[in-house]
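Structures given as structure tokens follow.
Shared chain: chain A. Partners: chain B in the first complex, chain C in the second.
Let's look at the complex of A and B:
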């Protein structure tokens, strides 16, 4: 019961020696500051959304396709719904979906990668082949194929983007685990008779998780773009729910009379992807030793 | 060299085959009875059970899964991807009419993207650290973060409809390909320019260049003999894969502009749950992608002698299992 070497807490990953140090480096990075600021702004917008005057689905039939003004800041759409309220509601949907995909791909990637790295044998060989297969194919095409087969829908869209997104993270976790198995602290823990599950939890997972989280952040911008793009094609959230890609799709109906319908969701997507890109650039600069 | 080329070709064929199994399996997810859908499309409103059974056999929808797959593969290799459930016509017939438009779109987009990326990437690396570089970097980030459909909407809404700066005709010919191709190209160009800048700066910071300079070589010689060839590999890789990836972006660009290509056709087929069309599009896009990455591999091996050794076997971990 009492382990000779305390396995909890584990040994910090070599690559990122101190998470606090990484945060300090990041906070000095100009791109990171801008990106983080944008991300905070978008999150705040998504959080305060429900407390705004107009609801995203409230129709104002007297004011259909109204231009931006004091009453409706970004105008109204074809059903008289307040475009600003829908943009804010869309932030919840789009960013929520991106965060969900982020969480799913990271968890699946770490779990499968660590398991493959530790178990070895046929499982590891099979998983590695599957990973290489997925990484060698265009992800947008695969996501389109999965949604195409399952049918349009928000759940199917998230499933499709997750299926195509976990492989890179699993590959990273797998090679990290294989490397970690040779580390002295893991050998010592094994000799001390600590259970495999505790070794994985205490010595391997923390480092693998940090690496996978960084790598997943690098892909966040592409995730938002992919989700919005497929939703724009009408394959994601179904009406009347507000989602940026879907709102842009709707705006096409009124492009001659109400071009302002593009502003809200368009700026939203650009801001979200810019935030993700700037943060991931900063992360890459701060964690890649060759660029220090 | 020859052996490693043969190895890579074999690997690509294997990938293609495994992918074909996964993609074909999508057909099994079909909702309802496709035979009924096809018969309805052919104008048979109230089919008899015998007719439905006959149609199922004809569409390859009955019988055990494995022979059905082999039958499909055999015909797919000969260019026959089955029958569209929506129209009851061969899928390849529809693709043959839509493919030229997509080919024009993606080829033009690729040309625009390569030229833009070279200009922006080279200019940015040459002026690294100055305000010119700063502006170019900001522009390339904006190009990457702005989705193609947004650019397309901007072009259509603002430039064409409200400012009357020209007309967008989407008839799928060379003369009208400009706007859709530029829209499709911008994201790729921004990404490629960023990669080119980083790899040029990395190749240019190698310490042997300092030695070379000390020995009195000209700046031009260092650029053309050392920096450019070393920076070429990452750039070629992203360009090659990105060019094949343009086919994946085609559905969005084609939908914005109503460009009559396979992408738009496939998106419409998804709405109608016409799975043979989806499968055909996926197989074509995937095959293009695999062929492109194979070609890049071979080109990289040709320009970089370090890659010419036998493909290394993956190192096996010493113990297969950690025992507690």
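Let's look at the complex of A and C:
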């Protein structure tokens, strides 16, 4: 007898959709606390940092490549610019770009995926092939190609990373929607005569959005790395504007005489990626029913 | 009575820190006896089966004793318990398909009983046992995989597997709940004949009364009444036993509505399905779900649609709902329209909890159909929802609750309230009581009967013919996608 007793009755397993439930679970997750702490720290640095430091583009030719000290906390670079001020300014650029890409990819991904899943037909077939095509190409190479074609620049960088980032989320939202289309509550709404747009907005989008947002958070660390990587290659923000990837590239010139130049942008990238990874791990843990 | 075969004293089980699922339960089964343990879902039946089999999850705390042939199996080490249970206890599970490995043959499952005891399989015995359980062409069919057998046949095969080593006691946990009604009696008969003593767990008092010597009624983890079958059926001492009986009865043999209250031909048809065919593509094969099926539902009548699973019942219902167009044939609504007007047909589903948006408070789900034609403010919708809840006898329920906070039966009432608010002419109900226990199912059926009074037609799909016979004005049988004669 290999039978397992089916779990009818017995253990009460009622899923209660109580508002704030996810936040409460998250707040008990140790990884989330650390990640959220880091994220708050980075955000605070980006917001109030400029009031603490000198301007990021102020050159001080007397103090070129100065080591860290009381006057310049992280030293100065080859043009005598304060490294701390540039790290803080870079936080604004890099984190701002990452948030912008996050917002664009989730909005586009959810909208396209949900529409394709609900409308079906030729539109769905076309969107699905496009998604498969984009997912089949290595994203960094594709982003390189886009920036290469359009020319370097902050806007083009965002565009390139967005183009490669929305496809996965669209695929996720599409399959969620296809499942939701068969749901009894959606059938009931259709039979009652509710307009398709209202069914999507009321019954499908909330669930699809939660799922896509969690997935997008999982990719946030990669986005930060990708943005910094492209800037490191000189394809992103153009000098003299401060950006972590670009700053790391600059520091290469002086890595024997002023190795401290990697500290600011390096720590910044590590902290941002760590925060994103910890938060997304916590989200995945808290929403995975098998771990509850 | 000699010393009991199975002796349970003061058995209390709780999961984590929750309330006691079994609460000081005492139970005896004598040699050669068939005891039926009856109760609604959630009363602790399955927990008792798990406790006897030693399959309770780790987080369960157990007190009290379970003795089989005088050996305490509750506190025995795992190995000793397995040896004891393997020799003296046979187990028949609820769902035979779930109990079988889909990639092994049926023969493998039966022969496993010998192999588990280290014995060689005597030639010809398996075939003989199958023939004894009236399974034809046993020799060839034993090589089939479990899914190629019908539920009734497979359940008889698993009864055979459980009784191969002639155990002192057989434990059967709802052995017929996955089967069609007409098969249930035969399977119970088979399990009774194959076992020396039997503990039969069921939710259906009526079903077990022909088979059990004694009946114990379980409620909230306690035995409320136990006695010989005859006396339990004729003179139940506990009020709850009578309730269980009335519930089972009202589903099976409720009085039909008086003949003069209803004349189908006198009322106009709400939907007419004429020689409709539908096929689905499954891989490379096409499945003909409906084949020239016809059905007319008149205003104010309850039409039962009966047939085995896979016969096309649900497809016929979707055609009647107007949410799926037919491949050939015609469907006309409201006397002449080719498509159903908004809210003309409303559904009630098999899984009540899933039929409501789990993110929405129930007032939003209930009043959604009303927002099609009018813009309603939140207070208006709340008021409408409270009225609708009162109509389905849930007057005291807070409309701000979400489906997850309601019982399954309450969810089904909410779904009916949502259907009614659209002021439909036809309600299509696909197995609306299949996930409910007997008492709740009877209440839902009552409710559907009441709503019919206002001229509403109901198309009711069920595999339970007894239930249909009790509620429906007429029954349409469907088999292999073809509608048969009305009864």
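What we mean here is this: the second predicted complex is superposed on the first by the 270 of 292 C-alpha atoms of A that agree within 3 Å, B and C clash if a C-alpha of one lies under 4 Å from a C-alpha of the other, contacts with A are read in each partner's own complex, and residues count from 1 in each chain.
Rule of thumb we're sticking to: contacts are C-beta pairs under 8 Å (C-beta built on N, C-alpha and C of every residue); 3 or more make two chains touch, one makes a residue touch a chain.
Remember, it's a predicted structure, so these values are computed and weren't measured experimentally.
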**Request:** In the overlay, answer first, second, both or neither for which of chain B and chain C A:190 touches.
**Result:** both
**Message:** Per the contact definition in the header, classify A:277: touching chain B only (first), chain C only (second), both, or neither.
**Reply:** first
**Request:** Give one of first, second, both or neither to describe whether A:101 is in contact with chain B, with chain C, with both, or with none.
**Result:** neither
**Asked** With the two structures laid over each other on chain A, which partner does A:115 touch: chain B (first), chain C (second), both, or neither?
**Response** neither
**Asked** Counting residues of chain A in contact, which comes out ahead: chain B or chain C?
**Response** B
**Message:** Applying the document's definition of touch, where does A:45 land relative to chain B and chain C: first, second, both, or neither?
**Reply:** neither
**Item:** Doubly contacted residues of chain A, that is, touched by chain B and again by chain C
**Value:** 190, 193-194
**Fill in**
Residue positions on chain A within touch of chain B in the complex are 118-121, 128, 133, 136-142, 144-152, 178, 181-182, 186, 190, 193-196, 199, 221, 225, 228-229, 232-235, 245, 248, 251-252, 255-256, 259, 262, 266, 269-270, 273-274, 277-278, 290
**Complete:** Listed in rising order, the residues of chain C that touch chain A in the complex are 15, 18, 21, 41-47, 49-50, 53, 55, 57, 90-91, 93-95, 98-99, 101, 112-113, 116, 158, 161-162, 173-174, 321-323, 340-343, 345-347, 349, 351, 354-360, 365, 368-369, 371-372, 402-405, 415, 418-419, 422
**Footprint of chain C on chain A - complex, ascending** = 1-12, 14-18, 183-185, 187-194, 202-203, 206-207
**Request:** Show which residues of chain B lie in contact with chain A when the two form their complex.
**Result:** 15, 18-19, 23, 26-27, 29-31, 141-142, 144-150, 153-154, 156-158, 161-162, 202, 241, 244-245, 247-249, 251-252, 255-256, 266-267, 269-271, 273, 275, 278-279, 281-282, 285-286, 289-290, 293, 314, 317-324
